[in-house]
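The next part holds the structures, each set out as structure tokens.
Two complexes are shown next, each including chain A; its partner changes from chain B in the first to chain C in the second.
What follows is the complex of A and B.
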């Protein structure tokens, strides 16, 4: 089955080239069929790959350059159940977004589809790559496609600003990554991840490896929009077309985290796996991200900006799950990724529908204008409840597994902070939903800053498709926590992903991996603590949403910190770059102290 | 082994970042980005350099001849290609920024914030 992984990249990239090349030759319906067909075929193949990856890592060596005597010279794709699962979600979200874009961006040039397909291929390649330099290449390919998609409708200054900030910050992240690659290559003489890990097993790790790790992981954290590298995210998501936001916020941001996990467990767990130094820094970055971004989401009135901060908040929770460095935490991250991708996509789809109907997506200006739009309202509220993680809905199971991981390590304060983050972001979304679809609350709020102007869109001709796509995404996302057997499979996949020596033996010596045995097909239950936290978070989010709607005035003590938070997110790229440098330096400094 | 190339690479990287952080012109900023990236070329090439090594073309050379590392050159080349795409895109966006607002100052195009 080792022929499947390259197809997940080849099909979308070839289809992208065909779409761009045949732009003026083939009729529209043929083009649409080609684009959707390629994306759906990729998704289907990803499912087949997931099926096979369950038993053992599916490895493909390009050009047949297999390792000899445990030395890998070639370039490989190595796919376990976790990577294959990522490809499935990426495929589903991109396919839904392309369907949505069919009528949402009717007038858009066909290059839009080509860029989306290129991003799809690059993301699948990134998830499957077993080679350090190829990770960089896929990272940049998806990034370039994403910059172009962000600035796709350039009639206003906003998209230009968003795309510029996005491009420059992420490109700088890419350069940090390249320097990290050069340092690692200098130290080990290898680019294959398993080979690098093997080389680092001998001799002291030393300062060079710590510097290289800092540069490599910070490169991914910039892509993953983790505080303080998150500043570009809101600018980019606020201006990109809704289907692009669904892909960027649903899967492309999160995939940076998968890069972090992949690098840690194939390479850096070898020299630094004894202690918790690496994980603790990631855990703290995740906690700060979850709470800060949750707060920022509550301070927004522009729906897509609010959603952007909600995405960053959940990224923080997922990063904390990785930072726990245990199977439970990683499995939780994986399940959250699934639910979060679909739910976030559906909320962006609803924001796009509101944009089409009313020509704006400002919470206060839209007050009461969504009354009677039942389907979008249902999608919005269901998506929000799923993102808060109300018991047995949406992200709940993933969040619960992260809680379990934290409690096993004796860090019972972690879950409280994480649930606070998702409740804050959820409260913002609930407040916006209640204001727009139910007409509750005032139509002004000093807390939320100034309005952002928006261009009205052309009215879509096939609105049912938009609504249908949003509903499909929300139903899939909400159901993730109650799919029988999914929790157990996620834990098994996470265990495989964390098996550094098993992975290296499979890649370098072609040894078989331990068989999974039979996994039960039942709904996974979580601890009572998680149940209580989730219920508490839901009640807190409801309360906060009401407070946001009906509070007479802002408590005086809150005004200065709110002003500081708003002004930190300045929208100027020079500031963002400064934060990137400071963040990288501090992260590296802390690691240098903890790991020496 | 000399530390000079590594020091040069580090210095170019930091100078480039300082330029990006303080830039008042998007085109200048794109050039600073190129400068930052040049540091990775210097670093990669100094990593692969072998004293008295020949170019890694083995046609007609004796077995066992010392050659410089061919991999880093491939990496550098890929790196160059990737950055061309990014710089091209940023310059195109700078054109759009000028068309829409008459300025290419990153502060001037900060339309959205908070």
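What follows is the complex of A and C.
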């Protein structure tokens, strides 16, 4: 089955070339069928790949350049169940977004489709690649496609500004990453991840490796919008069309985390795996991200900005899961990735529907306008409950596994902070839903700052398609926590992903990794603590949402910190660059102290 | 600024710390470069090891890079599209005042094209390749605009021809890879006869992939230039257009 991995890249890329190249030739329906068909076929193949990857790591050496005597010359895709699962959910989200865009974005549709397919191929390649430089290639391809997709509505100034902020910040991340590659290559003379790990096994790591790790991981964290590198996300999401947001927020931003996990467990676990220094920094970055972005979400009134911070908040939780450096944490991150991608996509789809229906995207302006739209309302509330992680809904199972990992390591305070983050973001979404779909609360709120200028969206859409796509996404996302056997499979997949020496032996010497025993097909039970935390987070979110709707005046003590938070998220790209520089320097400095 | 200064200082010191750990100049230990230098010529019959690496050993990287260029061109077309822009508007004709300069310029168009084609064709034998040659050829076509006028350049930027050609170049790369996969070997395996080292008929797939990227890059660059020109060259006012 080693022929499947290259197809997950080749099919979307070939279809991208075909759809733009045949723009003037083939009729619209044929084009639509080609685009949706290519994306659906990629998703289906990813499912087949997942099936096979559970038994053994599926490895494909491009050009047939297999390693000789343990030296890898070629480029490989190495796919375990974790990477294959990512490809499946990437395929689902992109396919749903393309269906949504069928009537949502008619102008320049061919160019849009070509870029979406290029991004799909790039994301799959990124999830599967086992080569450092190859990772960079896919990272850049998805970034270039995403910049253009973000600025799609060129006739307005806002989108161009948002896309420029996105492009400058992420290009800077690309520079850091490529300098990191150069440093690592100068030291090890290798680009294959397993080979680099092997080369770093001997002797002390030293400053070069610490700095290279800082640059490489910070490159991914910028892509992943982790605090303090997160500032571009809200600007970009606010202006991108809804189906683009669904892909950006659902999978493309979060995928940076997979890069972090991949690099850590193939390369940097070799020199630094004895201690917890690398993981602790990631854990703390994740905790700060979860709480800060959750708070920021609560302070937004623009729905897409609110969702952007909700995405960043959950990325923080997932990064904390990786930072625990154990199997439970990584498995939890994987399950959260799956549920979060689908739920976030569905919420962006609903935001797009509201934008089309009313020409508005502002919570306060939309107050009461969604009354009677029961299908979007159901999708919104179900998606929100799923994102909070109410027991046995949505991200709950993944979050519970991260909790388990934290308490096994004796860090029982970690889950409390993480649940606080998702409750804050969830409260914002609940408040917005109640205001829009139920007409509750006031139509003024000084906490939320000024309205951002809105562009009415005049489109002749087929509403049933939009609503249907949103409902499909939300149902899939909500169900993730109760799929029998999924928890055990995720733990097995995470265990395989963490097996640094087994991976290297499989890649460089073609030795088989141990196959799983029979995995039980039951719904995984989480600990009592998680159940309590999840219930508490739900109640807290409900209470906070009510407070947001009905309190008369903002408590005076809150005013200064809120002002500081708003002013830090200035929208000025120079500030963003400053934070990238400072964030990278501080992260590297801490690692230098911890790892020397 | 108050934050940026210390930040840059910190990043700079980290970088200096990393540089101190680099091996000395010329002291290369890695297996990668040595092995490639040793195996590419005998195994692939291309005397340009760089091309053997980029189009064969690491061919999939080049495929991704070609699509980065492709996505960039599609993105520029998307971002610079302007529904209000009149397709019929004649662009201002601006000729170089000096005939000698024009003659030299026109000669350089031919020369540039020739060098571009040479770089493409002999890329796997001597330094060069499809990417480099493509950029040069497209630059030569752009010279037409510099020495002549937009009108002279326009026949070369027919999107009905360029779009399919560019897609053929990029898609062709993928198709070569898929052909190898369909024949039961790995994606992008070198399927074709390797020929005699040092001749144009050597390298097998490398030659085909080289031409695919040459086509894709030439078209991409011409399209890019055309998009920028369309946007930034001031259209003539309707009343001037007859003169």
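Just so it is clear, the second predicted complex is superposed on the first by the 591 of 596 C-alpha atoms of A that agree within 3 Å, B and C clash if a C-alpha of one lies under 4 Å from a C-alpha of the other, contacts with A are read in each partner's own complex, and residues count from 1 in each chain.
As a working rule, contacts are C-beta pairs under 8 Å (C-beta built on N, C-alpha and C of every residue); 3 or more make two chains touch, one makes a residue touch a chain.
Since the model is a prediction, treat every value here as computed from it, not as a measurement.
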Open item on the list: Just to be sure I read the superposition right, which of the two partners does A:265 touch: chain B = first, chain C = second, or both, or neither?
Closed with: neither
Open item on the list: Output check: A:492 vs chain B and chain C. Expected answer is one of first, second, both, neither. What do you get?
Closed with: neither
Open item on the list: Between chain C and chain B, which one touches more residues of chain A when both complexes sit on the common chain A?
Closed with: C
Open item on the list: A:419 in the overlay: touching chain B, chain C, both, or neither? Say first, second, both or neither.
Closed with: neither
- [ ] Quick one: classify A:588 as touching chain B (first), chain C (second), both or neither.
- [x] second
Open item on the list: If we overlay the two complexes on their shared chain A, which of chain B and chain C does A:191 touch? Say first, second, both or neither.
Closed with: both
Open item on the list: With both complexes superposed on chain A, which partner does A:181 reach: first (chain B), second (chain C), both or neither?
Closed with: first
Open item on the list: Tell me the contact category for A:144 with respect to chain B and chain C: first, second, both or neither.
Closed with: both
TODO: Could you tell me if A:161 is touching chain B, chain C, both of them or neither one (first, second, both, neither)?
DONE: first
TODO: May I ask you to decide whether A:572 touches chain B, chain C, both, or neither, giving the answer as first, second, both or neither?
DONE: first
- [ ] Once the two structures are superposed, pull the chain A residues common to the chain B and chain C interfaces.
- [x] 133, 137, 140, 144, 147-148, 151, 154, 160, 163, 179, 183, 185-186, 191, 577-578, 581
- [ ] Note which residues of chain C are touching chain A in the complex, please.
- [x] 3-4, 6-11, 14-15, 17-23, 28-33, 35-36, 39, 56-61, 63-65, 67-68, 70-72, 74-83, 159-160, 163-168, 170-171, 174-175, 177-178, 180-181, 185-190
Open item on the list: Touching residues of chain B toward chain A in the complex: what are they?
Closed with: 9, 13, 17, 20-23, 26, 29, 33, 36-37, 39-40, 43-44, 47, 71-72, 75, 78-79, 82-83, 85-86, 89-90, 93-94, 96-97, 100-101, 106-107, 109-114
- [ ] Quick one: which bits of chain A touch chain B in the complex? Just the residue numbers, please.
- [x] 133, 136-137, 140, 143-144, 147-148, 151, 154, 156-158, 160-164, 167-168, 171-172, 174-175, 178-179, 181-183, 185-186, 191, 235, 238-239, 299-300, 305, 449-450, 452, 566-567, 569-574, 577-578, 581
Task: Interface residues, chain A side, partner chain C - complex - done: 2-3, 6-7, 9-10, 13-14, 16-18, 20-25, 60-65, 71, 73-75, 107-108, 111-112, 114-115, 118, 121-122, 125, 133-134, 137-138, 140-141, 144-145, 147-149, 151-152, 154-155, 160, 163, 179, 183, 185-191, 199, 206-212, 214, 577-578, 581-582, 584-586, 588-589, 592
